[in-house]
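These notes open a run of structures that come right after.
Shared between the two complexes below is chain A, which pairs with chain B and chain C, respectively.
Let's turn to the complex of A and B:
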């Protein structure tokens, strides 16, 4: 379990965390969890990097550099002027030792630590199809891509990927009625 | 109800519908949709009772309209699998026919359904056990007529009920009407519920033999020699086939009445004026002589007759012409010598079934209509007289008589049904003891009222809309059953509905023509009623197969 950052904004269904290190965010579709009274689980759906001070936009600096890395190497202050944030959609929480697949009574507090999830956390979540419903019915941007990535992450815990895809597919279809093409698109992204 | 349905018969769940139009059943994804057919019987287990119904429609549906216009890539096995599982589904439409509240018994028989099952009631294909439960078991009234497609169980007709009303066998050409009719006749002989009088235009019911080439099958006389009398119109035809008919039919001119010409009007292409002239001629020359006189008249005499009686000469001359044509039939003679009607009645009284073969007059509709009408009229009136005289006293009531006619629309079309004896028989109540078994390939040609009076209809495939309409007229659930009727197999399959079956059912008609079929049909297949018939049957068997 790696600590990634702290919660810096939170609401009923999503939370935002800031990474401790620039660019050290989890990947799209990854499961993350917060500490706190109700350890809360989320799927990363948005990653954002920008200036520490939102009123000051980064400016171009690479014109006289050979390589991209040199921009950072020659401007060590940049690491402190830029930040990486990520946002996660809440898919469940823990009450004591019990995993519940609905929203926690209150969202995680600001400055909760955010961690990656290990196998023990991930396995049951991946095999719980109601998570797909939470994702599929949210109106978040590019959610298809997020679902594809989320499913792909699940592969490493499966004995038979095809069977897993079929199960997932059937659930997606029933949660996205009339949107067969969307389901097809999601499943295609998983394998390609 | 404790009957368990075999798991493999599970079809799905009731999800909606109505009593009138039937309930919709969501087909279980595991059910084999291609194995399900319109017309199949199903059982629905409701909360308090069991329902029997018939599949009238099967629909493929999808949750996603875009499937039609923009289908997913089905070469991808995952897509193919999940689409068929989650986005496609099938429903079947079932019309309710019967309800069963407990175990079936005489005191609690299946009732016509006036209810529908609850939402999510489970639906099963009917099993053999279910069919047996509903269609009765072997007894002295129930005759095995066929099996439901895909099942082994026997569907039985209650022949005691059957002969109480006029009935019809329909279907387009070559669908098995004659075979089915023959089975019905055999059933009546076997169960002894009535006496048959068959007007056998095509020589298919009385005799048959291997010399008639492949495909020919035994007739009633072959199977029940001691119980059947064959009357033949054509001695030479019988002789050529090495058959001795029991009686030869001779009809005198004096036995022909104006009504007999009237019914032939269309066939003979006579104007109504010409047909009406028959009545005048009868009045002028007398009932015994009018034909004889008419055909002998020369031109002048005809002219004179026309002037005197104010008859149109043209019409009269056409009439003379046509009647001369009829009198060329070899079975007609100037003066009747025999006592044909009495012979027929004597045989009927002796409990014998009668097949009247047309021999070489096969396919001659004029001969068929003339003889059938003439004899039926006279036999019916004598029979009815007796029935009336018995005044309901069962012990002296004549035995029910079933008269079988082919090409029934010739006798019962809209134009003449109200005037002919056939219309009378079809409409009159059962106390007169005479009923018709009509066989026809164009039922739409038959008067609607007659069609709606029929007790039991057995229909093979019909594809003409009008014919389907006319057969279904008056049947409950007719709109839904229509589709079943027009989708029957092209042979040897029949939809049966009406008084002698508890619910409409599609059957594969019992095989006829194999040695086994003969032996089960002529033998004491299902316990004969008396020792005497048993003996007779045994005798018939020996005549047929030789002594063992």
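Let's turn to the complex of A and C:
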């Protein structure tokens, strides 16, 4: 497990973490885990990089640079003035050793450490289709892309990807009634 | 009530007309003074300065008035250290007497292994002893507030810069930069007793300069201070001594012209001209002027081998003033390093040295911060069951009512 950052905003259904290092965020659709009394699992649905101070907006600097990395190399302070945050939708939590696929009684506290999930954590969550329901029924922006990425991440834990996709498809159809186009969109992006 | 902006607009329009008139006058003066800058004999003016007694400040001129120097090469591997400060003054309406100095520190290394470190260090002064500057061997003291607190802040900035240089142990060519002047002007002309100047300069500021000087003997370290949009007139004042403007062989303003009002004196032709106006005409982007030596009384009396020199620098959109101690001025490599590194810093910072900009951002205490400071202070007093009475005036400002 790799420690990614600290929770800096938290609510019943989502939390936001600030990365320890600029651009060192998990990828869209990745599963992440917080510490705390109720270790909480979330799927990354938004990644944001911007100025540490909201009143100081980044401005173009590369006009006279040959390569993009030269902008950072010639302005080493930038890495201290920018930040990368990511937001995760909560899909479950642990009560003792038991994994529960609903919201924790309280969200993870501010400054909880956020980690990547190892295989032991990820396998059962990916196999549990109720997570798909949580994602599919949320009103988050670009959630179709998030679901596609989440399913793609699950491939490496499957013996038979086709069978896995069929199961996923069935659950998506049942969770998104009357939204076949949306389901088709999600599944197409899983394989492309 | 909010400001009656319509009323102000009319007054601003009136002021604009006056400024237009003044501009015409200013351009005439500028052309005349610029011609004098190019045509004056620097050796004659310097000789006259040393034998004259003027009531305006004239710098020491070593070579020429109008020499200029191209932008030197900047070592690819170099570092810039910068420090800036901000403070919250004593507020007599607060429940306790206290003040705060916040120092922002920046270290940026450029080249093969670029890094940056940014930090800030707030220090609260609340003990009675902390809030007073005491005489070393005596019982006199001066309360740290107003301009004196500002002066202490400037001193703390220099101490922090020396600390930062010692902490970073930089061995690449390094520019240590501070905002404003290396001359503690805020204690000049004030009616402070001598021990205040002795404490601030002899015990604190000058030892910090000496630490930096000591390091500069081992590693290429150049100390400089940077003044954006300087208002100084020292070089323009030197032109007043030119034989065409001052007919006396040894000028003595009080004796020769003491009975004349301002505008009647033969040297009054350049009154509107600041040094930056002259060097804006003389310098191309990236060039620096000749260096001049400050002859301010505080430097001459206290600064010893740290005597302050200054030059003007065209950084693109403005002429800035760079001040350096004697030991940087007399070392061509270090002098060129200040020139090249400051121009590069201004390029990176879009007109202002980027390291100073970040040091300022680290140090700045916003109005919101000041309000938070007040709240935290009052809450701490309440939590500890201590009196937290604030003045009725303060209370009335905070609780707006009809």
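Throughout what follows, the second predicted complex is superposed on the first by the 192 of 192 C-alpha atoms of A that agree within 3 Å, B and C clash if a C-alpha of one lies under 4 Å from a C-alpha of the other, contacts with A are read in each partner's own complex, and residues count from 1 in each chain.
The working rule: a contact is a pair of C-beta atoms (placed from the backbone, for glycine too) under 8 Å apart; a residue touches a chain by one contact, two chains touch by 3 or more.
On a predicted model such as this, the values are computed, not experimentally measured, just so you know.
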When chain B and chain C are modelled together on chain A, clash or fit: fit
Which superposed partner A:53 touches (first chain B, second chain C, both, neither): second
Contacts of A:73 with chain B and chain C, given as first, second, both or neither: second
Which of chain B and chain C A:184 touches, first, second, both or neither: first
Partner chain in contact with A:43 - chain B first, chain C second, else both or neither: neither
Closest approach of chain C to chain B (Cα atoms, Å): 52
Touching both chain B and chain C, residues of chain A: none
Touch list for chain C against partner chain A, complex: 106, 108-110, 114-118, 348, 354-355, 358, 361
Parts of chain B lying in touch with chain A, wherever the complex brings them together: 63-67, 70, 72-73, 77-79, 81-83, 85-87
Residues of chain A touching chain C in the complex: 53, 56, 72-81
Interfacial residue positions of chain A with respect to chain B in the complex: 162, 165-166, 169-170, 173-174, 177-181, 183-184, 187
